[in-house]
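Next, two complexes with chain A in common: one pairs it with chain B, the other with chain C.
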Partner chain A sequence: MKTIHDNPVSSREMVRMIILFVFGSSVVMGVNPRTMQDAWICLLIAAAISVPVFFIYARIMHLMDGKDFFTCVLDWFGGIPGRIVIALLVWYYLYLAAVVVRNFSEFMEIVAMPETPQIPMMISFLLVSAYLCKSRIQVISQWSIVGLCITVGIMIITVLSTVASMRPQNLLPILEHSPPVMMKSSFEIFAFPFAECVVFLPLISAAKHGSPYKVFFKGLFYSTLVLMVIILRNVLTLGPQLMEAEYFPSYSCARIMEIGSFLSRIEGTISINFIVSGLTKTSLCLYSGALGLAKLLNVPNKLDLIIMPIFLFVLMLCALSYTDAVQMFNFLDFYPFYALPFQVIVPVVIWLVGEWKAHSKKTSSVQTASQPS
Partner chain B sequence: MWNPFRPKQEEKQKRIDEALSRSTERSKATGQSQEEVLSPSMEENCRRFEELFRDNDTIICRKIQNACYPWLEYRLYYSDGMVNTSLLHDGVLRPLVESNEKPGRDLAESLSKQILTASDVQISEKWKDVCDGVTYGDAILFLPHSSRALILSAKNFQLRGVDEPENERILSGPREGFNESLLNNLTLIRRRLRTHDLKLKFRTFGRRTQTKACVCYLDSLVNKNILKLLEDRLNNIDIDGVLDTNYLSELTRDSALSPFRSTGYTERPDVVAAKLLEGRIAIFLDGTPVVLTVPYLFIENFQSSEDYYLNFFYTSFSRMLRILGFFMTITVPGFYIAIVAFHHEMLPTPLLINIASERTGVPLPAAAEAFIMLIVFDILRETGVRMPSNVGQALSIVGALVIGQAAVEARLVAAPMIIIVGITGITALLVPRMSAPIIFVRIFILIGASVFGLFGMMLTLCTLFIHMLNLDSFGVSQLTPSGKLQFQQIKDMAIRAPWWKMIQLPKRTAWSTIRQKTPPRRKE
Partner chain C sequence: MKRCLCALLAACLMLPLAGCWNYRGLNEMTIVAGMAIDEADDGQYLMTFEVMDLSQPTKTEGPNSNLVFAKGGSILEAIRNAKRQLASKLYFGNMQIMVISHQVAEREGLDAVLDFALRDSEMRETMELVVSREETARAILSNDEKISGAVSYDISRIIREDAKVTGSVFSAQFYRIYDDSRTPGINVVLPVFYLAPEPDSDKKHVEAYGCAVFKGSLLAGFFSAEETKYLLMVNGLLTGGVLTFYVPEITKNNITLEIKKVDSSMSYENNDGKIAMKLSVKINAYFAEFPHNKNEGNHPVLDQVERSAENLVREELQSVIKKLQTQYQSDALGMGRLIYRTNLPLWRQISGRWNEMYQTLPVDVTVKIHLANTAMVRES
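Entry: the complex of A and B
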């Protein structure tokens, strides 16, 4: 019987999920605004930095040869070290989910509902993403098809309707900032949102066909494209100073939007983007985290059971992580340094061990093959 | 292991077991075991039969003696009102009494082959067949010194004619509808699908009702996995009675708690034929005109048989209207509340001022107002469905004047709310198949919107969408076609493609996919 629950996810859907994931919170949080009008250059540099890292991710998937990620990690590292690596990754996934949800609730409180307490918002948002996560990766992939259509559609509408207020001179002067500042900003863009794709390590094996290289690089290409459009729209519409000053530049950009004299102030629509892509991002993080935790606790088939404790744990993290929005935005400065070990160092270690294991396996198989003769 | 729930569960299970064993004992006492056979003595059989059907005065016993051979004595039993007496007279009574041929050694065989002129005669030696027969309008003939009885089909019930179904009226196209007779309904289908490929398998449901049902499909098109799944689920059913196909629908559905349907239902033979042609399976049940079809795709909620009988531009438009109607009827109240209570800035200023001035003096908050008005609308609708037709006018006066105009003038309700409820109610009528989920989904979205504004509405819509993605009907995903998106898979969804474009059958339902080999149309 062909149901979507048995179907492997196609690599095309996986690419869509990656785009939506990268789109995720950056659609509202804005891509790092430190370099103002030069942000698009930083984005390109960040994409260039991401290429080798994505290559490592894809290489890991290639080495695993379609097997489950966490099982392979346990095989490669052995019991205790494997569990430590899994625990590190699970922590990163779950904390990332908490950060995304916190971004969402802060955003809501600042722009729309200053009097509504945040915890109920977090609960409802997390409940929906836990539900999405509980519906399995196949449903998330179907969901992301529609989600991508909605978000990209709305993005195109916002671009078209702000064309009137775009000023090309906002892009000038190009390369105003010094190289160290540019590099730092690029590094920040690399860590958030590109390298967060480390979340996809346990998920890529759901796509049975298609090479992981293609999936990761297509995803990187299209998401760079989308982020580029967002950055250019924000810079051209708002101007560098305003863009740096605003907490949520995309939202302010939509505020300027006007269609005729009738439809104005439709910035609420842009939060649709945030909800759809934020839900995807959170549920992908929860999914990876749940898979890892299930492996850690050795209950691989109890995913449904594990979602609820994870939900509560993430809710707690989410409520405790920052005292207010200012702290949240300040944390963005330190985030790259916090995330680097999980995004780069842990995968690199996994990759090296994997290469070593694959190599030794090959030599041993060559030896066993040559022994009888 | 310590488990606080275990004692309770065990107790519950024990109670269920006890109830089950009691009921089986009772059925043993009153009924008969399935395999029990008739005795060789006619007197014994008749006594047993009358014992089984004691206190049932509709059972009539007729004693018959042959004129030439007086030792040939028969007993005929039938249920009064369910048999055609003239047929019984001409085909059974007269030959039995007047025949002067000496019957052969095997009385039952020679009677059925040489003497009786009734068309359908069965020979049986099982009590089960005898009882099933007499309760379904057959006459039972007990023979002297024989452990076999003849079951003579002489059914004659009062049935409704083949009318157009009340709730599936269409402008053009076939106007026949099913009625309550299983065989008549099957005839309507067989007249449309004249192929040996059409398979019709009978089965019985209900321990007490013994309702006949028929599973019907086209053998070369049906997906065998779906068929097997369906048969497994039907085999598991053990219930006392089945009066309508909805019993089967709820007993076999996939996601048990979803308000959305997972089986299609129709009263139109042309619809059933069309669905069989797409590889679906139909389940007919005796005593109801409603026929189930599985698997059920989500888009079938928006399809109507008329879509295929009229011009495709027109029907594509009306299908899109139906989809839009579904979205409107679930979101309009929530959207209004979100705008009025949370996001005033989205409205143009003059409109905002109008709404605000209408709302001054209204005692309830907008959300509560919407909730109450929606309930009132549903009360009116439900009354309209059930009431006798001659009080319709009173209802419309109450509905339109009292609840509409007077409530606004008395400042109990704001005027925009009446418009919103009106739009909601009218658009709900566009998709009659979705009336059950619409009510719940609408309230759900309304609650989301009144707590978190547009964000809450979006969240609830997302939840709804995830739920719809999760829906399965007999292992087939209801909402989305699996795999790569192709035109042939979506040609009949939001639009109805012209017939010359419908080259393939939907993959989700049909095993083989070629619908037509008509040469493609060229542009002229």
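Entry: the complex of A and C
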């Protein structure tokens, strides 16, 4: 039976997956437009806050020494506490998958297909994700190469075609918002999308070569770059006021773009971006969740068996999570507080326990080494 | 098995990607080219839709448009009420302009119109919002003289090309209007159209009148096409247009310069809370008409023409700015926004009393005109 370790991926592919993952829902939802023309500063602050957190993620990987993440958690914490930690993470991964799919279906309902029920869209979207999971990480990573080419290509086209309608003055005045507002917005950007990379904890060990530090920090750097381009494009084209008012600023931005008078109405491309990167994000969440659940149920080699139940579970979560789009967008205000335990507190606990275990292992081996003499 | 699954998944993807639950063919749509919003006598909205007539063959006679009228308590209600007389639903995806009457602009303002157009997913953010100088907004769309089959498409093209050729109307796309209306220290300016009479007949045609300036979301007043040119100059939006003036010392005829490029910059000086604006406009132009006899004088004419043109532009700019400050009290040129963007602490101090300050704000105008060439003929 295949396991994650039989299908190693290169660290470069892992970086691509991180970029596409972070790109995920932000491509349509925009990157926290609350601070309007100052959003790019908040993005940089959020990236800076992410550095220590990503350092902890990478350190955990380093401490695991190439072993499977969930196995290590069980080893370090022992039976029941270990299972509680895994269960928490699995919940976060699966719920995140459901939220991403719901974003997608609400987006489709609002902008394109108001009369189409959301359930068929969710099912088709999730089925493809489930299939990607079933094909394992190597296929997801290869898909992410194609996906990144498509999304970044489309992003470059959209930037070039909106250059004519951009107004550089839209970035002024700089630092209009008070430090607490800026910090709040930065914190929100940190929680969504950067720290969602906690999904990669069980996956990084699939990259056999290359240090986890490099993978995480390269991913952070490039995804910040991509989000920066999106923010600047939106604020320069739409203006800070409209960007703040819109639910889907990138989509509106694409509606405005025109190349000459013949190429316009290319907002569909933004939907393609969302499908491609959203699919990657959902698949990665589902995959991490499936790995964790397999460990929890003690069937680590029966991943294929549990994919379909997980698919149904996520589908149900997706349909039940919000009553409507307004609730979904309101939840974004609370999301950082909901996500913080999973994104920071649980990893920090794992890290501390890991350090302690590694330290005690070291001292015991030193003791055993010193005993014969 | 795997192949079957792949086929199934591919079929699943077809549904959201290509298929449409609510597919509508061209025969089931009534394509709207533009719409006009008036106030009815009973306080409701009276909407006029210019819809494309697809029943006639367009190959021989070209496209044509018809009008549809509907009433309702809100814009959307009126749109839905229109279905009571139409076989197919109105389709707004290709709508180019929305005309509002000056009564709507004066009494209700832009809020309802802006909100509706930006909230609706079918209408495009790049539509133009136009104010009618006629008694009603529908009068503009009712005109029979059409070049491209629909008055709305004509107006949209006039607006698009105006800044390069004439400089008589502002272009105001919905997404820009929204941003301007919410940004501190600037008021919205919209294009205005009217029905111009044709000589020796009762016919009228749609023509750009100038622009309408707003105060908050309510209409404050109108500027003529000639005055609009100077407003566009300040905003740096002008890339064409002409300057016509009379210099009796040089020639008995009018001299005309064609504008090639306008660079304008606004700045301000702050002396202990006393703010003075500085406006500098640099124009590159060339001779378009210079019916001049070289025997009339030997002095260097080019310099004199430049000076006269500079004087003309300066005086016109000053009078337009005065009108904005005192008569309309509308900061359409964004002087407040300049302070807001470049000196936020100062703006926070003065924003509360900006409206009063603005009316007496000294504005120093400097104009520099450079004649780039004299076109195909020597100047003398």
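Quick notes
Criterion: the second predicted complex is superposed on the first by the 366 of 373 C-alpha atoms of A that agree within 3 Å, B and C clash if a C-alpha of one lies under 4 Å from a C-alpha of the other, contacts with A are read in each partner's own complex, and residues count from 1 in each chain.
Keep in mind that, in the parts below, a residue touches a chain if its C-beta (ideal position, glycine included) is under 8 Å from a C-beta of that chain, and two chains touch if they have at least 3 such contacts.
From a predicted model like this one, the values you see are computed outputs, not experimental measurements.
Once the two complexes are laid over each other on the shared chain, residue contacts for A:Val128 go to chain B and to chain C alike. Within the superposed three-chain model, A:Thr116 lies in touch with chain B and with chain C [touch as defined at top].
When both complexes are overlaid on chain A, the residue A:Ala245 reaches chain C alone and has no touch with chain B.
Of the two partner chains placed by superposition, only chain B is touched by A:Val276; chain C is not. With both structures placed on the common chain, the touch criterion links A:Asp65 to neither chain B nor chain C.
Looking at the shared chain after the overlay, A:Gln142 reaches chain B, while chain C stays out of its contact range. Of the two partner chains, chain C is the only one that A:Glu258 touches; chain B does not reach it. Looking at the shared chain after the overlay, A:Met108 reaches both chain B and chain C. Applying the stated contact rule after C-alpha superposition, one finds that A:Pro173 touches chain C and leaves chain B untouched. Common to the chain B-facing and chain C-facing surfaces of chain A are residues 108, 112-113, 116, 120-121, 124-125, 128, 131, 275. Within the complex, the chain C residues that touch chain A are 5, 9, 12-13, 15-17, 20-22, 118, 121, 124-126, 175-176, 178-179, 182-183, 340-342, 344, 347. Listed in rising order, the residues of chain A touching chain C in the complex are 108, 110-117, 120-121, 123-125, 127-128, 131, 169-170, 172-173, 175-176, 238-242, 245-246, 252, 255-256, 258, 275.
Within the complex, the chain B residues that touch chain A are 223, 225-226, 229, 342-343, 345-346, 348, 448, 451-456, 458-459, 462-463, 465-466, 469-470, 472, 475-477, 479-480, 482-484, 508. Looking at the complex, you find that chain A touches chain B at residues 1-5, 7, 10, 12, 108, 112-113, 116, 120-121, 124-125, 128, 131-132, 135, 139, 142-143, 145-146, 261-262, 264-266, 268, 271-272, 275-276, 279.
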